[in-house]
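Below are structures written as structure tokens.
Consider the two complexes below, in which subunit A is the common component and subunit B and subunit C are the respective partners.
Let's look at the complex of A and B:
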């Protein structure tokens, strides 16, 4: 089973080492960063239109962060050695940043969730008995103080944590982009724009995910979809997708205009191997179309019926979720489709369905955060404070 | 504590802080348990690994280690086109076959009588140096009038002295 090759490839150029799992990793961390940003817009910047989503966005970020490392573990031949990057990091490698960034961001996120949900935890503890009471009492760390002063303190701390969390979310995700951007041997990756592009597309995917999840959750709970929340998210989504698309295009235009020797390979890559995933998905289907749809939502917001707005944002969000996935694919897989000597290509790469790092494994990993989210919702309802 | 003090309502914050501190200390302690003792002695790796590798038993003996028992193959090989290819590259490490201290055979030496053995080095690939002898195996066998079987190469070539 030899892949189809053209031109000259070194033996180690032939195999795609960074598989679908390495596509999923930046995709999932990106969703975390984006969801966290939305919750911070409420918790730090006090944007009231995001109030219905503040808690839900936080829970989403936590559930996705919990599985962010899973694709990497599955990719490793020896997953039990994955811990070594945390215990004995080698700081001459950018990968050493993972343990520190991931662990500290996780702690900040956990603390923020705790302070935001503390009163709910105490209420639940007070209302239940037996094992459940024990569980929630332990979660509340045994302190049942829900006085206004304590709550005011919680809010203050939440704001500080959310504020610390923003640069940390940016660092964690920017770092993932840095890993690619700093590989100077690969002209498709090596650009200082890479971390920035990763960050903006992370915001896009995170907001899009929240729009989808929020609408689905409201439908399931039979609660009204807040028009202000949707139109505000549509505005932010539009802004971030314009920035993200602009930068993705800028990078290509720079390469095209400079006409350095790497353009030979990259132009071929974009028009052949990646023609579907780059041109059709990343640029047109997931770029241009949501750009127009969201533009309509944002510009004609006042004249728009709620149902139309919800449908248009839903469709654009789903397309953008696909766009960002395509973008990760194009970066990760695209960068391995040509020879490092820039004189040959691998013609196709189709991940296997049932392989260890195949499509099924990726889908399963991607499914886990949704299960976690449902469990989270069962333990600590994220919309209950809106009902009363 | 003074009931007027604002800190009276910060009890949960202190508990959380203590818990966080405990977790951090546990992480640090845990780390010190997991870091190998000789880590970082020479660089970002386990220093003892160097000694461990040095102390591994030697498994390969080179062509001369075969000579005392297989003088015919040894002589044929030394005079042939494959003189630069080690016996053990095509067969296996001598230690798997012979206890060198006792001078006794302990196990059969593998013999890979297959086309794949030759293809390992002679299959035509873009990435091989152009001046290294390499063939399109199928085309090569057929054009020389042979039959393309799993052990085709041995019909015309002796692995020890292929030409």
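Let's look at the complex of A and C:
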């Protein structure tokens, strides 16, 4: 059980206290932020090419946000005291921002979902009987006005909420980067670029997730995949992944060129402990390859067959989802693979399969939002407006 | 005074059964009295009953030139504070520095069993031991980052964790640049050196200071005008660990080397 070590580590530094759960947490909130952005591109900025996805993206954001706190709760030594972060926060702690940011964003998202789906809720209530009718009437919160004026007001409120939601989504996720970036004790984390890197990679993962889910959903429903939607998402994805990769590389290159003290540790980390997850996954497999594939999609869009475009964006998106997961891993676990003595390393870290914070627990938590999404789709179909 | 000296020279562990019974019965009686006095639901805390924290300001001084690496302090700390296995509230590091090339540094089991001779293959010109513990920093990141305020500083300058409020998030463990904190596997809360707060608030020294056979570890009190440690801090060249991080450590070192972080 004793990990393999090289060099000299402070004796308390051989443990990985921040486990797979802390990898999953920023991964999930990142997906939320990215998905929300796509829905806002339609609801706030009126990008018509995102219309097929506007509602679905919103539902995706909500379902993932619903479980974003779970990995944290599972990680806490005393989850029963977790609520204290929200009710008695210590405001010098960056982590104290969690309750405010999470709760307020959740409220905005719920409100926006309600306003977007309000007419659907009322229609369904009107068309059903018994328990179902009762359920949807309750969801409608006693308001049954579907006049054109009321719907116009809905759209106005939706736009405002979505507009408020953008900075809040950025804050919720930028805050996660801040948690790491603001720790001066850890040279692999401590950089002002960290929140920015987290934000851009969040956008990447969220858009990539939507590309995958949208294509799968359309296949399952036997509906056509909108060419414009895929083209537009590919463009945004390409933009954000270029920004994200640039930032990730900049951070490393600065350290390397400065020959800062930290570089001795970090260069070793990147070429040994993280060589696969950083170089192979984050930079090449999940970075360079999708960069090229998406480049082809974006630059040759006009000449491309729909099936090729769909396949290329699908493959790129899956690779980018992996890339962002690798990035979270490299930050969270990588930052604990060396001792603060700056002279010693832990050689490997393999999370256990069945441990409380193990692989199975992480997989289960990650599975829940997909189940929620299926339920959401059953209750409030997100693509109904396309069927008619 | 003589009585006190005799007391402090007594070995920590072996006591007779009669003495044990005597002591534990008085401790039991004492705790019953405390339980009667205190209102229900409040915790007795770990400070001495008539201790005034405004009249002390604790500092710690480590003379690396004296340390012999026996590891008694590590053992005493574990016994005194029930520190869990493989976790350390204090430890000792060994440095063997050749004229050229990289230094050899180790701390096997935190030096709990002392140090075996090692064949480093280096022609060592300089070698020394460095005891480590929580630096009880004045501007400490661990307190700053605690999301629920469970990590706190006492007014007499000791950084403590309230295990009844700690949520076990581990942020403080990540924030400490010195590796002084760990998550206690039994209580699932952050754990660290308390500077033996239960001892120093009852007029005793910390277990590590008490046991150190060479006086390499010393406890000082800034509010005591005759304190020898404070005199040393005032008149000699002392250093702190990682001063560039501006955490203002209150554990000071004599004879530190640039290899030590």
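The definition used in the following text is that the second predicted complex is superposed on the first by the 388 of 388 C-alpha atoms of A that agree within 3 Å, B and C clash if a C-alpha of one lies under 4 Å from a C-alpha of the other, contacts with A are read in each partner's own complex, and residues count from 1 in each chain.
Just so it is clear, a residue touches a chain if its C-beta (ideal position, glycine included) is under 8 Å from a C-beta of that chain, and two chains touch if they have at least 3 such contacts.
These figures come from a predicted structure and were not determined experimentally.
Following the overlay on subunit A, a clash is recorded for the pair subunit B and subunit C. In the overlay built on the shared chain, the residue A:98 is in contact with subunit C alone; subunit B does not reach it. By the document's definition of touching, of the two partners only subunit C reaches A:340; subunit B does not.
Put simply, more of the residues of subunit A are touched by C, taking subunit B and subunit C as the two choices. Of the two partner chains placed around the shared chain by superposition, subunit B and subunit C are both touched by A:8.
With both structures placed on the common chain, the touch criterion links A:310 to neither subunit B nor subunit C. With both structures placed on the common chain, the touch criterion links A:143 to subunit B but leaves subunit C unconnected. Once the two complexes are laid over each other on the shared chain, residue contacts for A:184 go to subunit C alone; subunit B is not touched. After overlaying the two complexes on the shared chain, residue contacts for A:244 are found with neither subunit B nor subunit C. With both structures placed on the common chain, the touch criterion links A:88 to subunit B and to subunit C.
The superposed model places subunit C right into subunit B at 130-138; the other stretches listed in 4-12, 22-30, 130-138 or 148-156 stay free of clashes. When the two complexes are laid over each other on chain A, subunit A has residues 7-11, 88, 90, 92 in contact with both subunit B and subunit C. Across the complex, subunit B meets subunit A through its residues 6, 9-13, 15-16, 19-20, 23, 27, 31, 34-36, 39-40, 44, 125-127.
Residues of subunit A that touch subunit B in their complex: 7-11, 83, 87-88, 90, 92, 103, 107, 111, 114-115, 118, 140-143, 145, 147, 149-150, 153, 157, 344.
The residues of subunit C lying in touch with subunit A in their complex are 86-88, 91, 93, 105-107, 109-110, 132, 141, 143-149, 165-171, 173-183, 187-189, 245, 261. For subunit A in complex with subunit C, the touching residues are 7-13, 15, 17-18, 72, 75-79, 81-82, 84-85, 88-90, 92-96, 98, 179, 183-186, 335-336, 339-343.
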